[in-house]
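Order of writing sets the chain letters: A, B and C. Residues in each chain are counted from 1.
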Amino acid sequence: MKKILIQLDTDKHPSTFDRIVAYDAGADEVLSYGGVTPGDVRGLVLSAVFTRGVPDLKTIAVWVGGFNVVMGEQILAEVQRSFFGPFRVSVMLDSNGCNTTAATAIAKLGKAYDLKGRKAVVVGLGPVGLRSALLLQQEGCSVTVTSIPPDLLGARYNPEIARQSLEMARQTSNLTIEDVPDWAALERCLGEAEVVVTAGPAGVQILRHDFWAKHPTLRWLVDFNLTEPLGIEGIKPSDDLVERDGKIILGPLAIGGPKMKVHKACVAKLFERNDLVLNIEGVYVIARETV
Amino acid sequence: MKKILIQLDTDKHPSTFDRIVAYDAGADEVLSYGGVTPGDVRGLVLSAVFTRGVPDLKTIAVWVGGFNVVMGEQILAEVQRSFFGPFRVSVMLDSNGCNTTAATAIAKLGKAYDLKGRKAVVVGLGPVGLRSALLLQQEGCSVTVTSIPPDLLGARYNPEIARQSLEMARQTSNLTIEDVPDWAALERCLGEAEVVVTAGPAGVQILRHDFWAKHPTLRWLVDFNLTEPLGIEGIKPSDDLVERDGKIILGPLAIGGPKMKVHKACVAKLFERNDLVLNIEGVYVIARETV
Amino acid sequence: MKKILIQLDTDKHPSTFDRIVAYDAGADEVLSYGGVTPGDVRGLVLSAVFTRGVPDLKTIAVWVGGFNVVMGEQILAEVQRSFFGPFRVSVMLDSNGCNTTAATAIAKLGKAYDLKGRKAVVVGLGPVGLRSALLLQQEGCSVTVTSIPPDLLGARYNPEIARQSLEMARQTSNLTIEDVPDWAALERCLGEAEVVVTAGPAGVQILRHDFWAKHPTLRWLVDFNLTEPLGIEGIKPSDDLVERDGKIILGPLAIGGPKMKVHKACVAKLFERNDLVLNIEGVYVIARETV
């Protein structure tokens, strides 16, 4: 009996990345669907769970992906609502790579260092930022998440998108969230921080080297941005918990490699039982075992 | 040489059910197409039949599915028109499961009992109802098909849809069709019936228990409706030709299990030769061998 | 590690032909995308090249197909622009079969005869015509490409489409192109021709038998049109470099068979390295080795 992954992707064309990695992780067939909306989910899921007997349902799983994390979350919820008693299959969300990326980074940091009681600031209200913050909190940090200061975004600043991100972040999490109007305000937030995670858009520098190198309390710096300029000036993308200017740096390439291992481990886990739900918490458990 | 099933589905997203069952039935690859219209068919079919030599064309087959049975029929016709001399492949229609469902139910009944000369009434003018009626006629019954009485449908009654179903049924079959205005009229139709098949919409009760339990001539009751309330009050979905109140009951779950076996047997047959056309008659032959 | 072909098809539904032949040529999985536009390419390609390490990227390849050759060329260009340093995969264009068809025909002719210094006329400004002309030039012919005379097209003549084809042909090639207003003008172009290739629309006769049979210099005649009437009157589709009236004939069926071998050989080559670009020149090299 073939192991079948049903790929529900919110983009017009389902991700080649998710399809190929699914094969590499052991799926025998990937049934790929693009342009999926929440309304499409029930039929696709119900149709699938009635094809095999309940003891064999661990051979089928659902993958939710695509650029739009908000719609991905709606689809994940709809997948779970579609299950019918024991007629259910395992399901994972990784829209825009948000769960595997955040989980891998914080798992690497959390396994190497005891973060309990540390002050952490995450810069960026996107899915990767919010998920990283959640995991840091879970590791015992006191966490603040901030917006990206408009003066750092320059021409890329869009007040309407900024407002929406902020509202969404406040609605969907219990995290402490700061809307910072400029760099000076962010600098104040970072005052006593020991951990900083920059989760800004590609090619936007958040922290200047002269700022972080001299910062009195900062000890761990994590950056997700792989496009020059990096989110943290003066680091290397491949920095794998190396020390620079007395700080421990985790760069985007050092996250990307183990992220692929986490992604594959998660797909493999989906086929071990028929009732796994892998969102950020579930992915983090696997990331801690994998990185 | 891989066994390839080309899935032409009229729905936006091709059925996960049909895809997974195709793999389970032995197809090596399923080429799935969604949102297929009759105009799309010729190119897809011609393109496929020229890929392999005629002796190897039994390794390719076409599957027509999706919710819309009328469009499925048009697509099946167009598939057959696209064939070019010996350049043809086997093809099956099972839009909305209509053929495998009807064939499985009547095959179970027809194998267990001699229906020749029996009076049968099928309630419901949809694809499953009409196909069941056709097969009962083939088994030697004198068959009447009726509409669903509006008073039983209640708020779900839509006169325009009812009118279209009636017209479609009259145009596409030579069956005796009765348009019943209310329950009393249906009751008259059922007067001397020995077999009744309820093929109404999900969750609509057609026969009350106090009616059928005391009916003087009714002997066999078949129901396709799996959603409560069932089409026949007082039966169990799993009733597998069991006796209740002196009648033999075939419930929807007792049809669903062998239906899956019929479905798989049909897909396997498609790959035994390159000129099979499986619509209701062809599926019934396989159902009689399988259930 | 599975060999994966990413099929980027400009048609609504990705070609069944290209999918099935890809499997037959050794691809383990075909990831099929329909309705692909140049704007879709970057994400699909970048996403794929980061799934496996650079030494393994020869296990992934991209196929560009669909009816629209012009958009296919744009997509091929965009695929190449998307590569990122060593993160690249092999790619082939065969929209509407243009490359494999033209390459197979000219390879058969060029291997059997020395064409150096011959005068050749290609009738038809479509992708197959232009590609055939390019290859004949490469074989040392002096080549003229002409439009299809309106009086031969009859009711199928569309001045706007004719104008666009002419402009496109002039913009995208350095070939000598003649816009012929009628048969008499084409007859003059063919005056001293030794090779003629008819690449007109299906079912349009270009050369009458009484014309070519008595032509003083014509020696080789190639026709791509498989639909009656053929492009060259009095030949057989299966003519495989046979002599008729003192001329050597290559008919469309004699091209179609080896074309399939060339197509499969090309797909197999894509998986031998990660930096192959197969457009007309690359396909021709393989066709010369294959036919």
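The rule we apply is simple: a contact is a pair of C-beta atoms (placed from the backbone, for glycine too) under 8 Å apart; a residue touches a chain by one contact, two chains touch by 3 or more.
Keep in mind it's a predicted model, so treat the numbers as computed, not measured.
Engineer: For the homomeric pair chain A and chain B, should the interface be classed as same or different, according to whether the shared residue numbers exceed half of all numbers used?
Structural biologist: different
Engineer: When the CA atoms of chain A are placed over those of chain C, what is the turn angle between 0 and 180 degrees, to the nearest 5?
Structural biologist: Rounded to 5 degrees, the superposing rotation is 120 degrees.
Engineer: Between chain A and chain B, what's the gap in Å when you average each chain's C-alpha atoms?
Structural biologist: Centre separation, chain A to chain B: 46 Å.
Engineer: Could you pull out the residues of chain A that touch at least 2 other chains?
Structural biologist: Residues of chain A touching two or more partner chains: there are none.
Engineer: Write out the stretch or stretches of chain A touching chain B in their complex.
Structural biologist: Touch list, chain A to chain B: 1-2, 4, 6, 29, 31, 33, 36, 40, 43-45, 47-48, 50-52, 60.
Engineer: In the complex of these two chains, what residues of chain B are touching chain A?
Structural biologist: 11-13, 15-17, 19-21, 23-24, 30, 32, 260
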